[in-house]
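Across the two complexes that follow, chain A remains constant while its partner is chain B and subsequently chain C.
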Partner chain A sequence: MSASQSAVRSRAEAVKVSRTFDWLIIFTLFFVVLGGYHIHYMLTGGDWDFWTDWKDRRLWVTVAPIVSITFPAAVQSMLWWRYRLPFGAVLCILGLLLGEWVNRYLNFWGWTYFPVNFCFPSNLMPGAIVLDVVLMLSGSMTVTAVLGGMAWGLLFYPGNWPIIAPLHVPVEYNGMMMTLADLQGYHYVRTGTPEYIRMVEKGTLRTFGKDVAPVSAFFSAFVSILIYFLWHFFGKWFNGTSFTQSA
Partner chain B sequence: MAATTESVKADAAEAPLLNKRNMFLGAALYVVFYGWVRWYEGVYGWSAGLDSFAPEFETYWMNFLYIEFVLEIITASILWGYLWKSRDRKVMSITPREELRRHMTHWTWLVMYGIAIYYGASYFTEQDGTWHQTIVRDTDFTPSHIIEFYLSYPIYIITGGACFLYAKTRLPTYQQGLHLQYMVAVLGPFMILPNVGLNEWGHTFWFMEELFVAPLHYGFVFFGWAALGVMGVVNTEVAAIAKLLKKDLA
Partner chain C sequence: MKLIKDKVAKLSFVALLVTVTAAMFYAPTASAHGEKSQAAFMRMRTIHWFDLNWSKDIVPVNDTMTISGKFHVFAGWPETVDKPEVSFLNIGIPGPVFIRQGSWIGGQLVPRSVSLELGETYEFKVLLKARRPGDWHIHTMMNVQGGGPIIGPGKWVTVTGSMGSFVNPVTTLLGDTIDLETYNLSNVYFWHAFWYGLGLAWLVYWVRRPVFVPRFLAVEAGKADSLISATDRKVAMGFAVATIGVVAFGMSSTNAAYPVTTPLQAGLIRGMKTIEMPVATVNVKVEDATYRVPGRAMQMTLTITNNGDSAVRLGEFNTASVRFLDPAVHEDETGYPDDLLAEEGLTVSDNSPLAPGTSRTVQVTASDAAWEVYRLADLIYDPDSRFAGLLFFFDEEGNRQMVTVDAPLIPSFI
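Coming up: the complex of A and B.
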């Protein structure tokens, strides 16, 4: 190839080609990240995300933020640190939520007939916006990990509260006290997932009642900070452009 | 004047930098095909897919499995074989414009990979969750597995392999060796398929109910991370395209 030759005929064509590549890259990055992120999230926190009766005050609040901060940290290490684009976390969450909502509607409802108000996904968008904004304003990976990671864990429960609160209303049913979400679980039987494997409200901390969710959120925030650091460096490795030795 | 006329004629005859028609037809192929697959699941999942010992299960699901195996092997052989056999043996001497055109075609392949990964890793994998949390499995080859593991995964493997082969055989950017992150982005998700062996062995050995976050499934998670290798591919492509366009955009 000759360095003196030009790949395009005019500046206008160069601009057009550049924009076309932008769209091709965004589309591909969005869907490949969606696929990787979704399979990661559904297999590390999925059960708490699938069903309202798993969305408790203790394990859902703890697990979901910890396992979901991974891909946003990695994608930020590319979009911000290489291209100064401040939307790595939001891109990931938009992808994840698209994948989840399509599935919950077309498959959970469309194939196995669970109503959408029993199997809607968790809302991760507030934490994602804060994570991106902290990175954009601070320009610091450490500040983003500590403040953004902490916000990621702490905002999860309040961000979902308006959606889940009506289903945490207590009801008495056949002489037993439970939540509406529990009742949904008993009525919409999942034969392959019997009640004895449901992991909710475990441990003695719940004896303290109202303190369970904030304490769980705070623990989740702490681990989210550590996971952010780890996945930032994972992301940096995946950003590499190295070649193995030519044979 | 004559030279100008010739130049204009050459431009008109030249293939477009990005063949949008091919790209939309390719995308439509995946979407329409998977739409049909989803319709098939809806009709024959409940009516013929609950009891693997029933004759209708053999008719509608096991035959589907055998047919898809054959078609996947044929498709991979023809597609990968064609890409390799028709490789450019003088790839380092192509013109910058031809190189740009090939990058566009490469991105058409990558867009297809994005669609194929979405259907495999997102759509059909979470769908498998709701099927098995609802229906008790009595075989490894359940209706959702026949679609997820043995159809949607091979399709994204075939597509990813085609992307890699196209880049390796036609683009100067990828001639200095094997691009590590590109291999991770293609081979990592590929490894999800062999990991099905562990998954099925564990399900038959330990339990029949479905806890989606069970450690038995973590192999899928590990190899799913490899999709992030696409970031290295994007970075390499951005550098290559910037080199081609830099002086015209300045």
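Coming up: the complex of A and C.
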């Protein structure tokens, strides 16, 4: 077969090769994103995502969306501008959550016996679906950053509240009041995670009474917009071909 | 194509085989906590644990045990370690093989961080409930912000039974009793499975048709707009509306189901109650101190002055949780860990009772393999080569008084 001849001999064979190529790329992309995004999120979100007694209404709400909108923005950029595929954010979150669940179940529970109800990951899927839909409907990076990024930050806390609310029921324990999540953190000993490194309920946001979560969510949404722009451009650059040598 | 698939399958199988084989040949059990690796000066000059008691050696699952005792926060705290202004009474165990049902300093529950004062002595207790069967090395531990974990002595405790029978009942302020071990688990699984399923449905909607090559060619040909159909838009809007609707419904139904929730609790506890230690009537001056490397022995020249009204003898030198005893004066009856106890490790050149109002200069030698085993000899390589510890003097009636010592240490290599 010479270089000028086609590798396939019929349209049916071309379609078959194309689909095989699709599955190979999707499989590879899924696990590459899973690995990279998981490491990124563990390094930046870390304990806020690991433990229920870190999932507070100020810092978790603020930090988690900001550090997690990164990969979705970059992968969206690649899949949308090259292929008009609007599932970049959802693909990232599917990968991240699969990696996190494997980690939490096999490592946190299987190796070190922390109960899963203490170390389950945050739910990022509602924001991801809306981010993808906004990109698809608008076809605009700017609109996606502003509306999608805003939704990403705002949907995070209500999307997680049904999961964590039962753990915020108060309990009286030896003369002190704490939540069940606090009690989990106290009962299930973490030798390397002393109480003082817990960054919860810190800050100067004290003029909104008990309704600080929405304020934190709005701030997080605002920063998520900026981070979206940044990482969308990272994705665009990373997905370019300018750094490859032409033949 | 088949060739590529076969190669990928073959390589994957080989990789799996190598991983499993490697794990079979070498997967040692990690059973200690690196206590010997911690800088010797840090263990000697920060927190001194004493009068420790592990209430049980064998504990069935669901049964409890306590670790109690005292700790002295050393006044000569090293400059290279942050002061214990934010500290946390922890426990050194390999994961939650026990749960910590309670921990107290001076009778105050300390689920949060506390502020400790230099030079003060505190009483503590930790209540543990056995959760996972096995032999576990249980250490006392104080985490200090900016200083790291300061680990105390450890003792082996055996947990018997089955982890499957472990329960952790807690009664909430609303009067419900729940098992914290499994509470909320089905709710967590349900919501994660639901959202994962919805995300997967969105992905499947797009990948069920040709994905990369034809779409790439269309985009390159300037026909990108034709790749998103009106149906796609409707489906997308359906997903968005469903997402926002489920989030709103989940939020409101959760608020209805759990009308009373509180924020996470955090904060520093100050003003911990200290032990009013009796004023020491024995005064000790360290004239010099050397560590003889070949003999694994530390020698001190001490000038001891007894300002009290009864004669005293030196019975114990305690440093970095290693206890050197003079058996003629004091014997341990608490079941202290053997590896940390030098029952005959303390010799004093003249340990006859020191009468009130008199003074004597003596040679004190603390020798035991523990200097090497616990890497205390590495002190000579530390950035602040000083030793410190607690001396315990006893009078004829068995009354004890504690004196701290802190002085430079000169190594001797011959």
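For the reader, a short list of remarks on this structure follows.
By our rule, the second predicted complex is superposed on the first by the 233 of 247 C-alpha atoms of A that agree within 3 Å, B and C clash if a C-alpha of one lies under 4 Å from a C-alpha of the other, contacts with A are read in each partner's own complex, and residues count from 1 in each chain.
Definition applied: contacts are C-beta pairs under 8 Å (C-beta built on N, C-alpha and C of every residue); 3 or more make two chains touch, one makes a residue touch a chain.
What you see is a predicted model, and the numbers here were worked out from it, not measured in a lab.
When both complexes are superposed on chain A, chain B and chain C end up clashing with one another.
By the touch criterion defined above, A:191 lies against chain B and chain C together after alignment on the C-alpha atoms of chain A. Once the two complexes are laid over each other on the shared chain, residue contacts for A:11 go to chain B alone; chain C is not touched. With both structures placed on the common chain, the touch criterion links A:112 to chain B and to chain C.
With both structures placed on the common chain, the touch criterion links A:25 to chain B and to chain C. Contacts of A:33 after superposition: chain B is touched, whereas chain C is not reached. Look at A:180: by the touch rule set out above, it reaches chain C but stays clear of chain B. Annotation: chain A residues 15, 17-18, 20-21, 25, 82, 111-112, 114, 190-192, 194, 197 touch chain B in one complex and chain C in the other.
Here chain A touches chain B in the complex through residues 1-2, 5-11, 13-15, 17-18, 20-21, 24-25, 27-40, 42-48, 50, 63, 71, 74-75, 78, 82, 99-100, 102-103, 106-108, 110-112, 114, 119, 190-194, 197, 234-235, 238-246, going by the rule given at the top.
Residues 1, 33, 86-88, 90-102, 109, 111-113, 131-132, 141, 143, 145, 149, 163, 168, 170-174, 176, 178, 180-185, 187-188, 191-192, 195-196, 198-200, 202-203, 206-207, 210-216, 218-219, 224, 227-228, 232-233, 236-237, 239-240, 243-244, 246-248, 250-251, 253-255, 257-258, 260-266, 268 of chain C are the ones that touch chain A when the two sit in their complex.
Against chain A, the residues of chain B that register as touching in their complex are 11, 17-18, 38, 41-42, 45, 92-97, 99-100, 103-104, 107-108, 110-111, 113-115, 117-118, 120-123, 125-127, 129-137, 172, 175-181, 183-185, 189, 192, 208-213, 217-218, 220-221, 224-232, 234-239, 241, 244-245, 247-249. Within the complex formed with chain C, the chain A residues making contact are 15, 17-22, 25-26, 53, 55-57, 81-87, 90-91, 93-94, 97, 101, 111-117, 120-121, 123, 125-126, 128-130, 132-134, 136-137, 139, 155, 158-159, 161-163, 165-184, 186-192, 194-198, 200-202, 210.
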